[in-house]
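You will see subunit A twice below: alongside subunit B first, and alongside subunit C after that.
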Partner chain A sequence: MTVNRRTVIKGLGVGVGMAALGAPAVKAQPKPIRVGFMTVKTGPLASGGIQMEQGLALYMKERNNILAGVPVEIVTVDSGGAPAVARTKMQELVERNQISAMIGPLSTQEALALDDYIRETKTPTLSVAAADDMTQRRANPWFVRVTSTSSQCSQVMGDYAAKELKYKRCSTIADDIAYGHEQNAGFQATFETEGGKIVQKLWPPLAVPDYGTYIAQINTKVDGMFAAFAGSNGFRFFRQFNEYGLRNKIPLLGGMTAFDESLLQQMGDDALGLLSVNYYSATIDNPSNKRFVEGMRRDYKVDPGYYAAATYTAGAVLEAALKTAGGGGDKQALMDALRNNKVEDTCRGPVAFDKYGNVIGNVYIRKVAKQDGRLVNAVIKTYENVSQFWNVKAEDFLKNPVYSRDYPPAKFLEN
Partner chain B sequence: MNRNAILALLGVVLLGFVPFVMDDFFINLTSQILCYALFAVSLNLIVGYGGMTSLGHAAYFGIAAYGVTWLHTVAGWGQLSSAIGAVAVATFTAAVFGVLALRASGLSFLMITLALGQIVWGVAYRWVGLTQGDNGMRFPVRPEPLGFNINGATSFYYFSLIVFVVSVYIIWRVVQSPFGAGLRGTKDQPRRMRMLGHNVWMIRWVAFIMSGFWAAIAGLLFVYYQKFVSPYTVSLQQSAEVLLMTILGGAGTLTGPMVGAVIVTLVKNVASSYVERWNALLGLIFVLAVVFMPTGLVPGFRKLWKRRTAPPPASTPALTAKPSTEHAS
Partner chain C sequence: MQFWLIQTLNSIAFGGLLFLLSSGFSLIFGLMRMPNLAHGAFFMLGAYFGATFMNWGINFWIAALMAGLVVGGLGIVLERGLLRKLAGNAQGQVLVTLGVSFIIADVCLMVWTGDPVPVPAPQWARAPTFFIGYAFPTYRLVVLGVAVVAAVLLYILMERTRLGAMIRAGVDDMEMARGVGIRVSLLFMMVFLLGAALAGLGGTIGGPIMQAYPGLDQDMLPLALVVVILGGVGSLLGAFVGSFAVGFIYNFGTALFPDFAYVILFLPMVAVLVLMPQGLFAGARQ
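Presenting the complex of A and B:
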């Protein structure tokens, strides 16, 4: 076939016509995308991982699997909490399922193991992993965290204890893992900046069967005790603390996951009045959260806590970014949207992100109370738009070493 | 033996064709399988041939992984010297642990290796200044052996394959050597071996060190692949998993641990995408193997094969490895 001017013009005409006809059709039916969801459904971290799945499943159900007009398929994988498996699973998500973004992983170890693979494949990642350095000294440009760093919430608690509760002397107890160390250090940093003194630090191992030996060491001449526990440890510790008769002697201040909603109903009325800090509470009064809590109670018969709220929030943040970026086709555009968006309507309240990818959002001081016959973490004070650096300038904050068991150094330890 | 050599060659050639027929995901998965297979084969040296069941084998694997990362990123050594240094440290640890563990045998040996493994885990987990604790350490960039870039899935696969084939060949030669025969002898008839003038303790110790050395090589492959090492690498779970691979596939055979590594890795990484209770699936496979093929899959299927091919009356079920070791020593 020879190509003369006429065929070229015809061809062009057809092409233009097709483009004109095709455009509205494309707009009405954007390209479906896949979103990877890496969670933990087996092993010791499974309870949190399953709540994460419930939160996300509920969000997708409410949206009928369409976010910002884009049909979204969630591809769920279970890493079992093992870093090496997490990597293979992510390869599966990226290479075989061609995901546009990933929600997860749960644990810091996994997030760190995936770090360079996330960079390599430029996969926008919305993680729950709390380790401070993921958005501080080891910040990854493809990473956003919609929840909180380990220390973000406890820094608020330290300030609250010193300024509002007027505590002068506090002790701390935390799981002996990075998550516990960082929460604890955050509390210590702000509490001591405001003139308080940490007089005792206790570090029970993560899997300690009995807290008796630690409770026996507790210095009772304190105004309060900060307790940073993960999983069901907060519940176990509190039960023994109560049995030893310390409940009414030493006020307990809980970290993010110490008195989680998922454990609260088991703790019984003894828990009434306990204070804790978190980026979320099931009692937050906004329409999005009302819908969320109702849905969780209806579908799963539980109150949402830290983990379920994390993925529900991630869903909202992702939806907003898909809207701004006009779909998930362009990863860079999606990532920019994720970081630059300010999302007003999430279950935890409005959220924005700093340039390290960490959330700036409300942090709540909560008190265990009884509402409609069930125990809830009722919000008693809201700190708005809290940054991971608290009130310190990011550059100054980052000059210090990362929070740890020994940093900031405890100058006021007794015994 | 000739037939086995042909089979082995055929296997290597088939493995060499993997990148031509599979996508990147499976190429990477096969690289991982090779790494775990070498790890399991190394453990098999003491479990299968020496009769010493260890629950702390991840220690040497992990020390090599941590060692090369630390030497390269913290101490600033070059890639090659870090690798050599790491393997040396891991092998030396195996030598020391061997002295301690070999004071006992059987169940006590198992418990001592378990305890020693937990010490290593404790250091990885708690000595934050050295190992960065449970956050783990990153290994920045893969080495370039002889100037070859092994960052891609295919090139890394061939790198793993070469390391694997060379290592397994050497292990096979060791097993076939008089030393290997001696080792099997110490497993089946330690008293007789002693009577014959062999230093049973020394044979076991040397086997233990060799086993640690090859685990360290597997550990290097692991960290080159993952570019990350965390306390999970030296955990009891990891030790138990590699023991499971070895026993499932068939301890005391060269190919058994490899088959075990294939099955465990596939179930963990692939089946877990389809089966939520993949741990249970793994357990079920293990139970079935124990019930129907108590010596492991490879010996089990070999027996089935023999029964099918051999004329029926000539089947002699009691034919085990015992007589041959006595001849060899």
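Presenting the complex of A and C:
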């Protein structure tokens, strides 16, 4: 708790200092605004939360804390990943700091806990929380997601596995939480639509002490295995998968966070050749991304991955909206701008939004390769302007139940 | 065939890892009558320290011993610096250890960042071993070997040395132990050193399987609790049998009844608590 409180005070202190320094220079400028940034800096989710902070800090540093002519002060709070704390912290941001918009929270549980409060206070929110229904059946009008739903990327991987890799039989393994269920279901849906068969689904609990018992059950008569893991689980699973000598027997296809850039250097050369799917790769060839990757390597000595790219993209999307809306004074105008803008220049490529607030953007199939002595997720195929509904009409897609452990039903399971 | 063979090997190897984790926990619990909730954090520290020492080029086994020593030293600091001040207040002591575990977890986050740190296995143990054509990770057999050696050494320590006799006396009846002139407070420190050192050593030895990552402490602590509740508090034999029982229950349970993966460990624990509240091999007399 002390850390959290201190963080807020520090944020405020910096803000006051900046306002005082900046006052003469910005006389003719639009009114300065505050943007809340809710991240996780303590506890088991902190890895992603710290990367989110790095990505956003870098964006603000490049822009000298001025977005579209508006001086922006970022007020950072640490929710520790706990929904109840997230709710209190957001209230602080709204009531005490009077934020114009919020970037975060990180996790779906937090986003669900904030859902009502976001609607009530009409706070434009740019979150990375991936749960499909946040922008589908329970879409919140004040919510935009610049990254991907849980299933948006894995639907692409399912299609790729069937059409490009010509796989016929696949198994899946995923964390037994909604994020894993939805990623897995997305893969299954498109893979089976294209004629593939999912013959085995394994669900290790999120905090499983040992994957050995699951790895021993893996059906080896498959063309490939889709692995959807969060946090450090992808890395741990991969190490144990190697231990059992399966590395060269079954090709792994990773979900969006399974082989994240933040895990890659630790995975070592064993990881070479692994395929995965994501809305981002540090190797994307556009000027914005080059600047981003250079900055991250310079300031933090890391390659950006899923989480850092999320807030860096959020920065660009927010900047564009502030420009369109002429500042952050009018929340409705800002929200409309967030949703209606098409932003060409972000590190992940051009992005637009559907009417549910979810991003339509590029999704990349990536392969682990070595460039300049370091491991990277090199882009091998780009799917442009992918929607969260893949190639299905939104209305038809939404008639089905939300993706889950058992939907779509698996018709081809063996054993 | 493959299923039964591999899962059996998995169970035994996992049991070995659990013994390294829970023997120290059981010792402290038995003598001091309190669960040391920082035990998971000690295990995690052992994994991080081991990885760091190996990064400095230190041999795997020496790194493991050093990690054990460093964490053991920390155990002494915790016992002398904090728990001693709360002597007689078991509830307060438990809460202090919980608080210490949170502090350790966040310090680890600052020092080693949120990204997982790989703990390399010795080079020769990295390729899988083959049993009748089935691959099994060599390193897991090494862990099992270490656990057996540790069990034998602990047995000798507890049953054949003066220190062991004093510890057993303290576990059985602390008042009488004091009465016959055993310096129980010194004993507390020795046991805390030993328990924490075992956790630290176990952390490095278990590292190549588990890896070091934020949250490892919270993944391991419940396992230690389950083992000790099953086996009985303060009994080495209990910890040993409990570890392998949990290894088998966990592996076969999650494989045969995947939908019960979350409760599979706790069902037998509840049964033991109801039927034999002292555990299967109770050491402490209340």
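Rule of thumb we're sticking to: the second predicted complex is superposed on the first by the 387 of 415 C-alpha atoms of A that agree within 3 Å, B and C clash if a C-alpha of one lies under 4 Å from a C-alpha of the other, contacts with A are read in each partner's own complex, and residues count from 1 in each chain.
One rule holds for everything that comes next: a residue touches a chain if its C-beta (ideal position, glycine included) is under 8 Å from a C-beta of that chain, and two chains touch if they have at least 3 such contacts.
Everything quoted here is computed from the prediction, not taken from an experiment.
The superposed arrangement places subunit B and subunit C next to each other on subunit A without a clash.
Contact with subunit B, but none with subunit C, is seen for A:109 once the two complexes are overlaid on the shared chain. By the touch criterion defined above, A:80 reaches subunit B but does not reach subunit C.
Taking subunit B and subunit C in turn and counting the residues of subunit A each one touches, the greater count comes from C.
Touch criterion not met for A:401: it reaches neither subunit B nor subunit C.
When the two complexes are overlaid on their common chain A, residue A:177 makes contact with subunit B while staying clear of subunit C.
In the superposed model, A:131 makes contact with subunit B only, not with subunit C.
By the touch criterion defined above, A:42 lies against subunit B and subunit C together after alignment on the C-alpha atoms of chain A.
Of the two partner chains placed by the overlay, only subunit B lies in contact with A:89; subunit C stays clear of it.
In the superposed model, A:213 makes contact with subunit C only, not with subunit B.
For the pair subunit B and subunit C, the minimum alpha-carbon spacing after aligning on chain A is 5 Å. Within subunit A, the residues touching subunit B in one complex and subunit C in the other are 42.
Touching subunit B in their complex are the following residues of subunit A: 41-42, 77-78, 80, 82-85, 87-89, 91-92, 95-96, 108-109, 112-113, 115-116, 131, 133, 177-178, 404-405. By the touch criterion given at the top, residues 23-25, 28-29, 32, 128, 133-136, 138, 222, 226-228, 230, 232-233, 237, 268-269, 272-273, 276-279 of subunit B touch subunit A in their complex. Those residues of subunit C that touch subunit A in the shared complex are 2-3, 6-7, 10, 13-14, 17, 105-106, 109, 113-118, 126-128, 135-137, 139-140, 208-211, 213-215, 218-220, 223, 250-251, 254-255, 258, 261-262.
Subunit A meets subunit C in the complex at residues 3, 42-44, 46-50, 176, 202-205, 207-210, 212-214, 216-217, 231-232, 235-236, 239-240, 243-246, 262-263, 266-268.
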